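In the two complexes below, subunit A is the common chain; its partner is subunit B in one and subunit C in the other.
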Partner chain A sequence: MTLPSPGRVAFAALVGAAFTLILAPVVMVMVISIFRQEIVSFPPEGLTLDWYVNAWERQEFARGFITSLQVALLATLVGVPFGTAAAFALVRAKPRGGGALNTLLLGPLAVPGVVAGTALYMFYLRAEFWLDRDITSTLEGLVAAHVLLTIPWTVRLVTASLQGMDQAAEEAAANLGARPFTVFRRVTLPAMRPGIIAACLFSFIQSFENLELSLLLVGPGRTTLPVAMLNYLEFRVDPTLAAVATVQILLVAVLMLVTDRFVSIARTV
Partner chain B sequence: MAALVLPAGVLVLLLLVAPMLLLFRISLNEFSPTQMMVEATTAANYFRAVQDPYYRQVLVTTLAVATGSTLLTLGLGFPTAYWLARMQGRWKSFATIVVMFPLLVGNVVRAAGWLALLGNGGAINAALLGLGVNAAPLPLLYNTGAVVAGIVAVVLPYMILTLSAVIEGIPRQAEEAASNLGASPLTVFRRVVLPLALPGVIAGSVLVFVLCMNTYASAVLLGGPQFKMMAPAVYDQFVRGNNWPFGAALAFILLGFTLVLTVVGSAVLGRCYRR
Partner chain C sequence: MGSLVLDALGKRYGASTAVERVDLDVGQGEMVALLGPSGCGKTTTLRMVAGFVPPSAGRVLIGGKDVTRTPPHARDTGMVFQSYALFPHMTVAENVAFGLEMRRVSRAERETRVREALRLVRLDALEDRLPRQLSGGQQQRVALARALVVNPAVFLLDEPLSNLDAKLRGEVRMEIRALQQRLGLTTLIVTHDQEEALTMADRLVVMERGRVRQVGTAEDLYERPADPFVAGFVGRCNLIEGRLEAQGQFRASSGALLPCAASPAPPGSCILALRPENVSITAGTDGAGRLKMITYLGPQTEYHLDLAGTPLLAIRQTPSADDPLRRLSPGDAVTISWDASAARLLPAAQPETGV
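Right, the complex of A and B next:
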């Protein structure tokens, strides 16, 4: 698409606006994390790293970070294998009612997280009454809820990678004498790899940053990082939160750049 | 082999379908200030939700903000996705990471960034005052515009990634052929790129619309106390009001509007270009 110059300018302006909207708040958070004054205002009265010390001393953020990490890892570990198996069966076995099953598995994406969150909260309270044990504000309860995020993303991404695959390669391997399991291990699985990696990445992201689904399911001492941040922000806006966020931003950036060394992120999505 | 669907299917039935059925049952109950919830079969909660002017306003605000944000996201996301899809080499990788990594940062953090940017002592107002453009700070925060900016920033990466995956599959030759045959860039976009990218446009818009209807942090933190959307209203009923039946009815109204609008929206979009 070669655009004439007014069109080119408009195109560039839209792309620029999109990147500004995406990046401006993230950059701003990093900037205010070193402002000295308690109430954020420009220009800064001076610069300090005290807020990082304060963030470290406030247990809620460190604990929230660890909880979020645990929940995201466990939910990914449960959801990705189950979701991958389901996507594989749906694409290859084409079972009767496959369309309905696909809709069911992608269902959590169509239900607003708030609705699913309140439904789960009610369900957990009922189950607690029956089973006579805690489920809300436990790690298991949070992980189970977040599996609802990881399954649909996995089904969606792995299905896409399977549909794009040429089955002739499998037939060729089978004709050359490979056993069905060898065909799966040496041909099918490698072809699914980008889809599975993308599924792991997106599952982890979805779980780690989730707020709406978790809001009612967290409890004292068992709070995820986004909920801990929201609770803090509802009462005060000082740079402590910005310091926590900056550490998180830098960790995430390093993690993604390192991941990109091994698998090209641009090619997985 | 079809049995491999079972584990995931059972999990979704247990963790989504069963809780939703329970929530629907609760929405038909009655609220009593002393016993909290009384078994009943009544649609009174739904009637109250649509008749009460306050909740009707909340619903209208939510629908308007979600629709507007989705369209804005599509308008900004499409050119960016196109640009990303047609990029080559190392820079493409870098640009993809730049688009994706704010997702991991979460929307609460980004709301904090907007607070620092738009507040009375924020970066924009400080710059305007410093340059002498304004005598007093502009009220940039705690209004619909701030909420929409917050939402669009949160959902843009989803739109861009969904669209660029589809646009990458459109062969360049198709565009070049149209352009060689004398089509203007706008015609190439309207008649070649857009129809071929339509599945991505629908998938991205549906995903983004659901996320917009679900807005919580941006509404609470950037909209201020006067600004109400459905998601915080649902939570308020469960956490502060303790009126579970009414909260459940609100949740189902939110779900109903989300489902109907996504289905109707995709059908209309699909029909527009099936010619």
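Right, the complex of A and C next:
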């Protein structure tokens, strides 16, 4: 039997350390959510699911969950078609200044959420004045802001899937008698499909767990889950938040697993 | 009139000319190859026939009908792409059925014809596979079946063999040719590989820099090339610059006086074309010939020669073991000769116009 070389051992250790570093906080949150004591400390005094019950009974979390779900779904529904159309135009029409446009579309990734949120808040106030109607603390206002989060991801993912396709396949379809729209529907769209599905997933997650951008735009009775969690934190620190976070984590994990059954996320992203 | 006619077809991109002017008449069931180095305009010509490139001059006629302005989907052509261009998300059977679906062929008939087409290319066992699960050769046969199943008026092949390995290429070449002849398909094939063109096509069109250099059968091009480019591109050829001094008397620019075929051309500068297999050598000296290098290729041997300052290549059947030629080594003096009628005079290369 030969011993693995020191290089291999070091590499395995490095990979192990990286995974531990990434997963430890997630695992800790899940573990803490079932500790009995209110102030987090080791070892646990006992295990309980009471915090989950508490989270459920406190309406702000349930309502925040519903609001976040609504906002994330609507933002995805609006943002992904927009981003897809933009990506298609950028790749296929190659417009003059396409590079600058691409950078602009990826912009929301580069601007800190708090800054963008504040800017949007000020813009909304001004728009409210001109339009004489509420925008901040409305669902529409929140969705419009979150669409900004979905566009960079969509543009990137759909652009990648378009660039990976063999355009000769479109010509082949035309050669076989398909009209331009049929070519798009039967050949181009299926090639973009993995990118679009991955874009939906990432857009949803980005929106669902966003805190900074939403902070100033939520209003009484219309609070997203992350903001509700922050509000709770102002008054109490107990494992209720860990319980809520665990539900959030599980939802995202399930979404990713389900998506991965349709498109390989590792290959698309 | 042929079933595919290119009438003074040309394509310009701004100031540059991709295709100068192609006139071609492809008969029913005939296979014509567009042959030339990359960038010669052969692919652009094919794409103009398929409708992917709008011509800037001339017309394309399919079955006597002018289709110059007809969009690709309404032209009755079946094309096989260099990259095969299979639909990656469809099975083999769905790929092949696509063209029939577009033609609104009933489901039952579709199934029969797809099965028939797949049997034709010997892929009937793989109809439920996805393209990525197939080898390169199999993908290429799916592409063939997909183009053939719709019975196109014109069959177009764009470098169909360039992505296959050498051994497979020979097989598929024979297969395509056999299919084409059996089905009587009017075919245009684009290739840069002269062997491919010579073995598959009834007639060849040699193109260079957007211009047609010569159209003819393999024999025409090989034995009666119209110009030095064709002579050098189709098969190997000794091309010797010099002047015709008198009938049958060619003065190479190195100074040697070489025998050549009778020619109607007036004396003046021209090029002597001599196929290497027509050059014979014998051991022993007449003073002018010298052997520089020998390359043994099994059945044949190449002799790189020097004839009074003019480099010359001879290709001979490898001599038997007791032949005195077998004992030659580089540096030896040899006697070089050829039948004067084998040495053809070609016009000197035209001064290149900047295209």
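We take it that the second predicted complex is superposed on the first by the 261 of 269 C-alpha atoms of A that agree within 3 Å, B and C clash if a C-alpha of one lies under 4 Å from a C-alpha of the other, contacts with A are read in each partner's own complex, and residues count from 1 in each chain.
Operating definition for what follows: a contact is a pair of C-beta atoms (placed from the backbone, for glycine too) under 8 Å apart; a residue touches a chain by one contact, two chains touch by 3 or more.
These figures come from a predicted structure and were not determined experimentally.
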{"item": "Contacts of A:248 with subunit B and subunit C, given as first, second, both or neither", "value": "first"}
{"item": "First, second, both or neither for A:212, with subunit B first and subunit C second", "value": "first"}
{"item": "Touched partner set for A:88, first subunit B, second subunit C, both or neither", "value": "first"}
{"item": "Partner, of subunit C and subunit B, that touches more residues belonging to subunit A", "value": "B"}
{"item": "Which superposed partner A:174 touches (first subunit B, second subunit C, both, neither)", "value": "second"}
{"item": "First, second, both or neither for A:139, with subunit B first and subunit C second", "value": "neither"}
{"item": "First, second, both or neither for A:123, with subunit B first and subunit C second", "value": "first"}
{"item": "First, second, both or neither for A:49, with subunit B first and subunit C second", "value": "neither"}
{"item": "Contact residues of subunit A, present in both the subunit B and the subunit C interface", "value": "none"}
{"item": "Residues of subunit B that touch subunit A when the two form their complex", "value": "1-5, 7-9, 11-13, 15-20, 22-23, 26, 75-77, 79-80, 82-83, 92-93, 95-117, 119-123, 125-127, 130, 149-150, 152-153, 156-157, 160-161, 164-165, 175, 179, 185-186, 188-189, 193, 206-207, 210, 213-214, 216-217, 220-221, 230-231, 234-235, 238-239, 244, 247-248, 251-252, 254-255, 258-259, 262"}
{"item": "Contact footprint of subunit A on subunit C as seen in their complex", "value": "50-52, 71-75, 77-79, 81-83, 85-89, 98-99, 102-103, 143, 146-147, 150"}
{"item": "Sites on subunit A touched by subunit B in the complex", "value": "1-4, 7, 11, 14-15, 17-19, 21-29, 31-32, 39-43, 82-83, 85-86, 88-90, 92-93, 95, 101, 104-105, 107-116, 118-123, 126, 144-145, 147-148, 151, 155, 160, 205, 208-209, 211-212, 215-216, 225-226, 229-230, 233-234, 237, 241-242, 245, 248-249, 252-253, 256-257, 260, 264-266, 269"}
{"item": "Contact footprint of subunit C on subunit A as seen in their complex", "value": "166, 168-169, 171-180, 182-183, 186-187, 190-191, 193"}
